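Notes for the one structure printed next.
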Amino acid sequence: MTTSAVTEKNSFMKVLSNIWELVKKIPPVFPIFFVLFIIVSLLSPTYSTANGVMAFLRRTAPLGILAIGQMIVLATGGFDLSMGSIVTLVCLVSSLLLANDEANTYPTIGLMLLLGAGIGLFNGFVVTFLKVPSFIATLGTMLAVRGAALYWVGGAPKGYFTDNFRMWGRGYIENVPLVGRFPIGLIVLIVVGLISWFAFHRTNYGKQILAIGDNVRAAKLSGVKVRLVRMSAFMVSAVLAVIGGVMIGGYGGVNVSIGEGLEMDAIAAAVVGGVLLGGGKGAVVPVVFGAYTLEILFSMLNLLGLPKPYKDSIQGLIIIGAVAYVAISQRKKR
Amino acid sequence: MTTTTANGRGLKKFFRSVSIPPVYYFLIVIFLGGGLLDLFYAGGQIFGNTAIMLNILVRSVALGIVAVGQTMVIVGGSIDLSVVFVISLTSVMSSYIMQGETSNVPKAILLVFLMGAGVGLVNGLIITKLKVNSFITTLGTSLIISGIINSTFSNWAGSVPRSFEFFGYATIGPVPFSVIILFLMIFAGWFVLSRTKFGAHLYGVGGNEEVARLSGLRTDRVLIIAHIICSLTAVLTGLFIVSRLRAGAPWVGPDGYYDLESIATTVVGGTLLAGGKGGVWGTLAGVLIFSILDTTFNQLGVNPYLSIVFRGLIIVLAVASYTIRSKKEAA
Amino acid sequence: MKKSLLFVVSLIVVMAMVLTACAKEEVAPEVEETEETVVEEPEEEVVAESPGLQMESAVVAAQFFSMDDYNQSLEWMANEPVNPDDPIYLQYLLEDPTSIADYPQYEQKDGPYNICFSNAGVNNPWRVVGYTTMGEQVLQLQDEGVIDNFYHIDAQGSDEKQIADIEDIISNPGQCDLLIVSPNTSEALTPVVEQACEVLPVVMFDRYAFTDCPVVSERPIGGYAFGISGAEFIVDTLGEEGGNVLAIRILPGVDVLEQRWGAAKVIFEENPQLNIIGVEFSAYDSFEVNTIVTDYLARFGEIDAVWMDAGGTAVSILEAFEDAGVDYPKAMVGEDQNDYLGFWKENGLNAIAPTFPTYQWRTAVLASVMFLQGEIVQHNWVLPQIPVTDANLDDYYNPAMPPLHYAQCGCEDMVNYPDAWINVDVAKYDNLND
Amino acid sequence: MSEEEKQKMVNEQKPLMEVRNITKKFPGVVALDDVSVKFCPGEVHAVVGENGAGKSTLMKIMSGAYVPDKGEMFLEGEEVEFSHPVQAFEKGISIIYQEFNLLPERSVAQNIFLGREPTVLGVVDNRRMREMARNILADIGVEGAIPASKLVGDLSVAEQQQVEIAKAISLDAKILIMDEPTAALTINEVKMLDELISRLKERGIAIIFISHRLAEVFEISDKITVLKDGKLVGTVQTDEVTSEGIVSMMVGRILDHYFPPLGSLEDFGEVVLSVKNASNDFLKNINFELKKGEVLGVAGLQGSGRTELAQAIFGVVPFKTGSISLNGKDQLIKSPATAIKKQMGFVTEDRKSEGLCPQQPIRDNILLTVRSIQTMLTPISKDGIRRSPDLVPRLGEEVDIRTDSYDREVQFLSGGNQQKVILSKWLASEASVFLFDEPTRGIDVQAKASIHDMIRDLTKQGRAVLMISSELPEIIGMSDRILVMHDGSIAGELPPESSELDIMLLATGQNGNNGSIKSGAKGEN
């Protein structure tokens, strides 16, 4: 395909090496996920039934969406620590605004999306114009948003989610051929995933994000509107956090600690999906699989009968391992 | 606040000449603002009451001690999120080992300090030798410790003897013992950063690792020591908390958000997140700002959640006031 | 580079091992063994102790459980109130009179009174309903001119903050005539409550500090009774055959919750036909709870009964059964939260709702005022505690109330009922100053 | 003659440091080829030569930053080997780079003694450290200007340089190497530096400095070593040569390849870019025109404002006054984004930090400019932009990027290929005015030739090129006209195929005797 300097080898070897090249390019998260999945389905019959698989796919969908948002900000070289608080805000405030009336659902979701976009805009503004490092800026918003949400509802969970609000996270479409029932949450993830995949991999936007994360100065000198792109990344991340929040709300129950720590889970999922902190690397599908890999791993630990808290330890080892793996393999290349 | 800028500039010059971090502006404003609110709404009962003023300091102890360690790590251009579970680890292990017996106290203290040093060492080694980003490293070790202690002790573990409670509750004259410890720690932090070779080298490593290396510093070792010190301050905070609570439980660290709050107070105190600049006096101001905010809001009966909102805004505003004129793009 | 990698990894491993080793030895037996017994030898005759109960989250911290208290609770559960004619929130199960006259150190004065309330938090629906009830009671007493100012100090679920909050109150004597405390956790708050007792009268309710100094310590029979009702219901339902029981707890370390589990554990251990497959903490997180139940269904295939120490996420648990496409458990333990009662009625569950009634919040205010006015109050004030069962479900379930309402609020006779409990606004009561 | 010179030197004085037969190769280039020089105590030794002559490489080898492939080094007669700069400075060899190795947030004293803080019982004795710093600053005669407790970040560039010198002195440096010490200094500051250097000389320190400004070299140096293409041309006593003599030693390099033929008159079209009376903080009164089809070479020493000129035109650091017109229309270019829309392209001097996104594939680097012209959400295909799917392979073939796949990350390409990627980036954006800043820096001969061909091809296609280069043969071989810059303004314009001497004379600020010098030249300073 190019004026390659590589000399002609015999064609069989070439095919082989081409295949090997392709295999090498597969992000490690895919094979890991499938191996774990096979182990889990051997351990528990539930995971080999359509219903069990669908339930698993459904419950990880919100984290998948949050991880996509986090990945976009990480790819620009920033952090978004305010995600978890946005989930808190969505769950607490919308349960209040819904007032047990189904007619309020869509206006409420609309308002939440607007609020999310506003928070993202604020994050972006503080980072690009006030030049506060995003770690600190979003740490500030994290506290402010959480405080505001609790203040709004009076520091206490109130109200309840309506059924058509809960549907987005928990609902199923019944009587689907082959799988029986199909979780709506997974549809949301697929739609969000497709849109972000398209935006990230098939429009200029994604390429500009990666360019900024890789080398801001070069991107700027190539005409990229750095501030605009960066602000929009924070907005996308916040809006996806809202969507994730609505889906988590779908599991019912309102409590003030909902959403806490989710930003770290999202970062972990993104890192497992091959995203580099510091920017310049990222892809939508592996990140979603990063979320699923973590979750399937936790399921496996549970099936093996390990106490739940061990999942934290495993998660910790995995993210250190994932980053160390990248660091070491990078060093080898040089 | 609308006095001439000339005055402000003079003040700035003065601050600079005595090398007081600019965060003390914020502290003064918060203090005066709180005082004014107090005067109007509570007739000066709060700020005129020395006991409450001392309580502000007591409120700052737990966060203040660990923030000293965090400041060192951040000055070195690193970050430590694992303090939060080092605190938990300390609290459960010490109260578990003490089991209410005074005779077990030295053993427990020795062991938790050793553990703390171990965690710091591991953090430092992973960051410097494996070149894993410090955020991920310490987030990872934090999760690892969290998993271990939560699956081992899911509850209050043991208890501390009455004799150990003096750390949390005793007073020397009118001054609480813990406040003295806090100031000793701040002073020690200041001393280490500005009066030891290690401190000077830490600023070098944080400011520009390449320069530090070319000046013949052992940059890895400096950073590892900084992480060990940071974990040790977390241990001290853990001991303070356990003496206040009489027993340790795995959740005491995360309940206080000591990871993010210690980073926030450090950065609000004027320490550069990227490293190389800052110090513990600024951090002290950052911690005091948060405590004054809490106490004032509590005493005035303002909704406590507003104070969280204020914390968030203060973090953003304070840091923005340092960075806004910078020419570099932030990320 | 490889050397350092090895070194770091082995360090981590060693640390993990050391930690696990020094704690595990004495506190709990090896987890892995537990597991094997469960998975591979389920058919084998189960020994006296259910294997599931060996897991760490099943252990009750020693200071929270005493067999004497357990037996005493059993006794009280059989008692009738001493004063059955009073409204339920003023009834008590045993006589333990005291009055301000017994406390010469406290200044006796006429009203209206200033009352401070150090609250562990309003961070769950039970506390919201309780605090609403309390606030409405205060409003009524203000209208009557009995209470002047009411200061609410919210610790937001943090021991550290609550200690500091109470220290602030102690430092500002004269602000309040009496302090009501609902401690966040007992162990942690004990020293500071003792300090407070020296300065002003303290009324304690809900959770307890380990001290006898408060002038009134008021609450229903408590955790033991809650745990016993639920566990006995499961034992009775599953009978001789037994079955898989999943225990879902909210938080560790809170006395009333520990006692609930401690009591249930005693009963479960007496009934080896029950297989306790897991004891998990849910922290009121319905998303988490859904995952837990799904995972246990995947692992064991069947769950016959769910025991809970609080009902916050009962509906989410039942929904997880729905999601997995299996039948509801044969026996379900919840709490008197309205959504659960509604779900129960609608689906015809075989269920029970042991309660920890929210009317105790109201009693705290009333007891405080009575004490300050010099009336006789109960030093240890034990309120009656009546579980909701199929028999009395219709008395408590009220479809007009919101899903998060708690049925036993004892608030039906209040001026603003039901509006204040339908449109909840806890911020309204934060500064009830005249 | 140079042999005689050398002989004389050896007899005169025992050298402090001697390098013998140093050879250093980089991939594709021989940076130093069998170079031997002696440096004597108390002497100011200038090392001159064009870009790429190997001066910096030699200095880096002497200071331990590079390890030579071949050759020995002797310090006071003893053979030394350095594998790390720390070893060099412990032996008394200090180097001061153009980018200072200082911590801006630390005080002068702290910087000077970084790593060697004086202590009393383990406690850093700040007072004594300040005292010692003050003494050292006094030693080199600058104590009044620089308080020891001031933050380095608050100092001027010249003062920071003095701190670096003080740091070297405090290390008991016997040899002080300075890389272009005057590049960023004002005239007065240069004078102060000269004085400082002569004081250091009196202390018996050997001072080695690299400079492009011949006037300075003659003013302060005792000896001059001339390097060319990695080879030693010779070492001479300053008072025995003239500046013309040195220039002729420096230039006259053998062309390593043939340049494409220059443009002819009929190739040149109308004026596409014209800059009138434009100034900003660095540039003064810039006037020039650029025609379609022409290569306008911009020569000048480092720091003369060449790069700033390109940055100003491209809107990175825009002009403050004056006007730019493109294709006859006055334009306001305040940002690179506008410049790109107006069909300008800028191949920057610093490839790594300004030109490339190293972790991105070749494809995305090439397409970055096109994508920033389009709206943010314009769809793209897997292989590039939608509108012309074959753009990347087409450009890749056009500029001959050697790679097996365009999905390879650019960080793994050679310098020449990276430069071609940058070039294709601007071809992709269909720029009609190209600004090249050092288009062939650091790349091998073959790649150089192909880039030169490409530049000429651009003009044949009717594009206009402004090419900045410090390599005189390149300027001469490529330019249809030559602008020479000096001190932030245009010193003069020369016709094509002017001699290197003419250019050097204008660029060094000497009023050339060549009649072709136009107005605007400022001779002396």
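Should a chain be cited, it is by its letter among A, B, C and D, assigned in written order, with residues numbered from 1 in that chain.
Everything that follows uses one rule, which is that contacts are C-beta pairs under 8 Å (C-beta built on N, C-alpha and C of every residue); 3 or more make two chains touch, one makes a residue touch a chain.
As the structure is a computational prediction, the values presented were derived from the model and not from experiment.
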item	value
Pair joined by the larger number of C-beta contacts - A-C, B-D	A-C
Rounded Å distance, chain A centre to chain C centre (Cα mean)	35
Separation of chain B from chain D, taking each centre as the mean of its C-alpha atoms, in whole Å	46
Intercentroid distance (Cα basis), chain D paired with chain C, Å	74
Chain centre separation (chain A, chain B; CA means) in Å	31
Chain A: positions in contact with at least two other chains	154-155, 306-308, 313, 317, 324, 328, 331
Multi-chain contact sites of chain D, meaning residues that touch two or more partners	none
Residue numbers of chain C (touch at least two other chains)	1, 5, 12, 16, 31, 56-57, 154, 156, 281, 427
Chain-to-chain touches, reported pairwise for every pair that qualifies	A-B, A-C, A-D, B-C, B-D
Contact footprint of chain B on chain C as seen in their complex	1, 4-5, 7-8, 11-12, 15-16, 19-20, 23-24, 27-28, 31, 56-57, 59-61, 63, 151-154, 156-161, 163-165, 167-168, 170-172, 175, 185, 187-188, 190-191, 252-253, 258, 281, 427, 430-431, 433
Residues of chain D defined as touching chain B within the complex	85-86, 89-90, 101-106, 110, 113-115, 117, 119, 122-124, 126
Chain A residues within the chain D interface of the complex	1-6, 198-199, 201-205, 207-208, 210-211, 214-215, 217-225, 228-229, 232, 276, 280-281, 333
Sites on chain B touched by chain C in the complex	45-46, 49, 51-52, 54-55, 58-59, 62, 89, 93, 96, 115, 118-119, 121-122, 125-126, 129-130, 144, 148-149, 151-157, 159, 165, 168-169, 241, 244-247, 249, 251-252, 255-256, 294-295, 298-299, 301, 303-304
Residues on chain C engaged by chain A in the complex (per definition of touch)	1, 5, 12, 16, 31-32, 34-36, 38-39, 55-57, 121-125, 127-128, 131, 154, 156, 280-281, 283-287, 289-292, 294-299, 301, 312-313, 315-316, 319, 323-325, 339, 402-404, 424-427
